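You will see chain A twice below: alongside chain B first, and alongside chain C after that.
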Partner chain A sequence: MSNSDDRTQTVSGKAAEASSTNKPDGSSRGIIVLCFCIGLVVSLVFGWVVFPRLLYSRKQQPIDFNHSLHAGLVSNGCESCHFLRDDGTYSGTPKLAQCIDCHQDVQGNSPEEAKFVEQYVKKGIEVPWLVYARQPDCVFFSHAAHVKAAKMDCVTCHGNIGDSEHLKVYEQNRISGYSRDVEGASLIGFKKHTWDRMKMDDCSECHQKQKAVMGSVQTQKEGCFVCHK
Partner chain B sequence: MKAEENHGNTKKFGMVIDLDVCTGCGSCMVACMAENNVPFRKDESDKLKSITWMRVYKLSNGKPYPETDICYLPRPCQHCEGHDGHSPCVSVCPATATDYDMQTGIVSQIYTRCFGCRYCMAACPYHARYFNWYDPVWPDGMEQYLNPDVSVRMRGVVEKCSFCIQRYQAAKDRAFMEGKTDIEESDYQTACTQACPAGAITFGDLNNPAHAVYKLKKQPNAFRLLERLGTNPKIYYLSSREWVRRAGDNYLKNEGPAKIG
Partner chain C sequence: MKIDRRSFLSLGIGVAAGTAFSPLPWKLMDDVSIWTQNWPWTPVPAKGESTYVNSVCTLCPGSCGISVRKVDDRGVKIEGMKGHPVNQGGICALGLAGLQLLYSPDRIKTPLKRSGKRGEGKWVSISWDQAISEVAGKLKELRTGGQAHTVAGITGGGPNTLSRLFKRFLAAYGSPNFFNTPSIDNSYRLALQMMNGATPDATVGLDLENTDFILSFGCGLLDGWGSPVHMFKTNTAWRKTQARVIQIEPRLSRTAAKAYQWIPITPGSEGALALGIANVLITESLYRKDFVDNYTSGFEGVVNASGELQKGFKQHVLDNFSPKAVSEITGLDPAAITLLAREFAKAKAPIALFGRGQGKLPGSMDEALSIHALNMLMGAINQKGGIYALPTPDCQAWPAVPPDAVADSGVKEPRLDGAPSDVYSRLNQLPPAVLSGKPYPLNVLLVMEANPLYTMSNSKSVQEAFNKIPLVVSFSSFMDETAQNSDLILPNHIYLERQEDAPLPAGFSKPVISLSKAVFKPLHNTRHAGDTLILLAKGLGGSVAEALPWKDFEACLKQAMGDKMESLQKTGYWINTGAVFPDGKTTFTTPSGKFEFASSAFCPGFTPVKIEGDASYPLLMIPYDTMRLASGYTANPPFDTKILEETILLHQDGLIEINPKTAQSMGLSENDRVLLQTPRGQANVLIHLEEGIMPGVIALPRGLGHTAYDAYIAGKGVNLNGLTGPIADPLSGLDAAWGIKAKLSKA
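Right after this comes the complex of A and B.
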């Protein structure tokens, strides 16, 4: 017993000796710590600030549309312009033909409207709107099912865009090509409102609540073909 | 029979194909290709590489003239229910890319989820599944003709007949607009059913006594492919000719065609 204790002591003694000979002096240790801290800060800034900015391209809408102004003028809320057709399909972003009803000529004194009439209405060119809520090609989304059958509000998924005076910058993921409104603005996946993100998990948040329609054998949730095509 | 009915009150879409009426014209195959954006190649002769969700097979009784007889057999995905939805392909998929929906009885295939291991193709006894060996190449201008309700598949994934699920979705949307809770039989029909000039294909809800398929599947001449495997498919075939009914499975000489169920 005592033998083994002695051995341990000698071994630890040798280790202490070795470390004291390799021990860096004060200034070199400072440099190592400084380099580490700089490296850490640089990586954090790159990861959290620079990379997300590089990942998303920022595009301005062709016309800065004022939702709030229009909402006050139309009679049927959002559905006045973003309506469902009789066959259950959804019209989406209005086409020029709808805008022309009022905007044959410049109505007010907004420079954006003048630009719209000048560049698109007079020339008969459709406005290449950038759609914030555009889902990937593999997704089947039915506005009729959500708005007509489930009586959901536009705000639940689209937020308060109807009250906005300016269109925000459209951010597009350079790799996936998807809108940032679909992928979510928060990097750590934090979500304050229902409309902050529109990925598959966000859809299934609601879809998992209806136990009656669960048909999937593999997942015991809703069938895949309910939302996929 | 018990395995057939275990969907309860939900829908169970299926098809009854009358082989005595089918002329083998191939309209169903063409309609299916157009409806579902099925890719094709310049040379379609290699059937290991070509994709046909709906495929018409030619059967022969193998007898010399004057007893010789042929029969054309259209083969879409059989949408097997198996037992409790464990169809052969669903059971083996490691990616949950294919699934059985108890609400519709349709075997789904999610292309973005599939990673192309092809276990399902090995498991499918009907050769109803196809692998995309290449990215689809459409002739100039044909992108304009693609169906926007069906996503185009990429190289490396498996695809198969979906019973034109997009038409079911559209039918439901129309019903929502009209304030109805359910769809009519005529609201949802597959492309092949509508394209068949002979009217050989009947499509509908096998669980709904008001639908034509409900009565047709109970005819004494009805049979299903590889009945004895227990795949419990939802495609029923009708034929008055016994050799055709016998061709539905690998029967021995002393065996008669198996009973459905």
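Right after this comes the complex of A and C.
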């Protein structure tokens, strides 16, 4: 027993000796700390500032549409243009057919309207709108279930886009290909409003709160396949 | 100050720590996972408003109503049409995969002219004008030279307006050689003509919903027989009414597996069994005496042409088909035959059906008559739950073909197949006639909606016959075997791009016409074959152009459909609501005015079909059909080939079903590669051991072994038709073969 203890002591003694000879002096310790700090700061700056700018490409909408102006002219709020079809599916962004009644010719002084009429209406080309709220293809989402059955307000998910005078820049994730409005402006998931982000956690947050009305219309059950069909 | 290894390590640790506390790794991980769940190259249906266009599927004789879902101009899905009388919203795997045919990258996109050797696959695109003028030019040259009769046309489509127009074109041109592709429907029609006195254009009507006992002589009722989806729906109804299906066939097909009882018998002995059952019905007085006594003739005796009284059906059956005698032919126990006959007689509305598998081949006429005689013994003619002749819905008559000396003498020439008329064209007799050049050589062959080089048995001789025809013109929109071996291709629109009427659904209870609509604008530079025919007629000019006076096929169809067109365009189908079927009529338009068991011309008997092959071929090979394999003009679309079981197709190899006992005696085990030889050909196949097939019998599926079409179907499995050959039926001249002798040896 004592023998083995002695041996241990000897070994550790040697180790202490060896390390003491390689011990950094004051200046090299400073350099090590400095290097650590440089690495830390550079990567933090890259991660928080540069990376988000690299991750998203910024695209302008083909026409700068004025929601606020149009909302004042229509009678049925958002649903005047973004309506549910007879079969319950959602029409999404309007097509030329809906605009053409008023915009066969230029109505006002807006250069954007003139561009719209000249480049799209007259040529019969659909406007390639960039959809801020488009969910990934692996997600099934029914507007009818939320707007009609659960009587939710458009603003809850889409924010106050209806009051905007200009369309904001569309930021597209270069990897996933989806809009930053769905993924959330804040990369760490910080959110102030319900519409700040529309990922799965945000769906389930609301679904958790209101368990009674949730689940699949067909099966009346919760589960992955309600949305991921 | 010294920058050493430690400093670098420290920098690295700092970077790692900083990165870990930034959103970069976490966000990247999340984005990559979202990306992997939404591969950008995975096709996703277009977004937009869905619209539905109702039409009818003409990929098989089923004529099911379909609803095509479209987003803008893009087809997204084909569904069964709700409320359609035939399929009531149902659809089969082939119909479901129809969009793959429409959007196939291998479609023929423009008229083509062969530039290399025939079959080499070298083509040049030509304009429609050139294509029409080349064909019309050749036809004109032959016609002027008095060779109009040396032109033949083959169609695979059912009796609809397009095939009527094709026939009219040939008649006006001066050729008697119009061929349709015979199937079991022809045998039903002929049986109804001989025994019920039905008109040649009447098809078979079956009131299957109201039967309670179905004696099926090998019919693949759930394997694509008749109108397949309609049969599935009917089978569901049978479950509710507890109707019994008795399946008589040597192999445990899907139908047999789902039947009330499966009776395997020696292949080819079905007709004998039917007569054996008739024997028991007569001996035990189980048949419907009132019906037989009052409404039939030929039962007790037949007066022959010279006025002598001969044995009737009754005596013939009593003398030759006792259960014991039949037992020796069928391999079935005599008691089992008696029991089966008693069960059949006990049913309220029994019916006996013929047509092996999907009924692709006409089969033996003797067998058809023998089985149909059972329906007559039970009075199941024109009655609820029975069988009857269904008149083809009236079409507005077109003006008569204008008289023309060339046409008149041309159509009077004998047909190449030796058939008395085109009503029963003996397509199987065409290759030998072409090869022998008798009665005259064939100069031009026009092929529409058919692929004879693949679907006709004895492929080798069909190919040789093709090689002898100077000009082969195909109307196909797919590079099928026939198109590949043609000289000119004038591509037709596919069924989703053209308007035409669908023929009566096979084996349905009521006369229905459906309208196939142009659901999509033609995707390629193709042309409706009807329009092409009209243009060819115009190119020929004179009386041919006069016989096809329409501006286009649409005008021709409108005239043919008459007042039905409105209903067809509105609902997609027209159904004869005025007449009641079955009508319960007990008079028949036969010479005797009665239903004829036998006459001076025929008496149902059992003449075994002489299957090819000598004693060196110890096995019997039979074909089988499955719902997952299209085996006609349409080749299996990729979706359907994907769902084929590994007992049918394993990678690129076809499998042959064999009983484990037979295999064991030959030292073969599962998935062994063997050489399959028949008197008509040979092929490499894999062994599949199957308890559900009779020992000594082997079975190969129809629909594989394409050499053309596209990379999705070509080179997979074995074409059954390369291994079998036709056998002319002595009564009808149609193909009566049900199998061939074969041998297996380790490859």
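Brief remarks on what is shown
Operating definition for what follows: the second predicted complex is superposed on the first by the 176 of 229 C-alpha atoms of A that agree within 3 Å, B and C clash if a C-alpha of one lies under 4 Å from a C-alpha of the other, contacts with A are read in each partner's own complex, and residues count from 1 in each chain.
Please note the rule applied: a contact is a pair of C-beta atoms (placed from the backbone, for glycine too) under 8 Å apart; a residue touches a chain by one contact, two chains touch by 3 or more.
Values in this document were obtained by computation on a predicted structure and should not be read as measured data.
In the superposed pair of complexes, A:224 makes contact with chain B only, with no contact to chain C.
Legend: residue contacts after superposition of the two complexes on their common chain; A:37 is shown touching chain C, with no touch to chain B.
Residue contacts after overlaying the shared chain place A:105 against neither chain B nor chain C. Shared-chain residue A:138: touches chain B and chain C both.
By the document's definition of touching, of the two partners only chain B reaches A:149; chain C does not.
Of the two partner chains, chain C is the only one that A:47 touches; chain B does not reach it. Judged by the touch definition given at the top, the superposed model places A:28 against chain C, while chain B stays out of reach.
In the superposed pair of complexes, A:55 makes contact with chain C only, with no contact to chain B. Shared-chain residue A:216: touches chain B; no touch with chain C. Chain A has more of its residues touched by C than by the other of chain B and chain C.
On chain A, the surface patch touched by chain B in one complex and by chain C in the other comprises residues 87, 89, 136-138. Against chain A, the residues of chain C that register as touching in their complex are 1-4, 6-8, 10-19, 21-24, 27-28, 31-32, 34-35, 37-38, 40, 42, 44, 47, 49-50.
Within the complex formed with chain B, the chain A residues making contact are 84, 86-89, 136-138, 140, 142, 144-145, 148-149, 213-219, 222-226, 228-229. Across the complex, chain A meets chain C through its residues 24, 27-28, 31-33, 35-44, 46-48, 51-52, 55, 85, 87, 89, 91-92, 136-138, 173, 175-178, 187-188. Across the complex, chain A is touched by residues 10, 84-86, 90, 93, 96, 99-104, 106, 108, 110-113, 149-152, 162, 165-166, 169-170, 172-177 of chain B.
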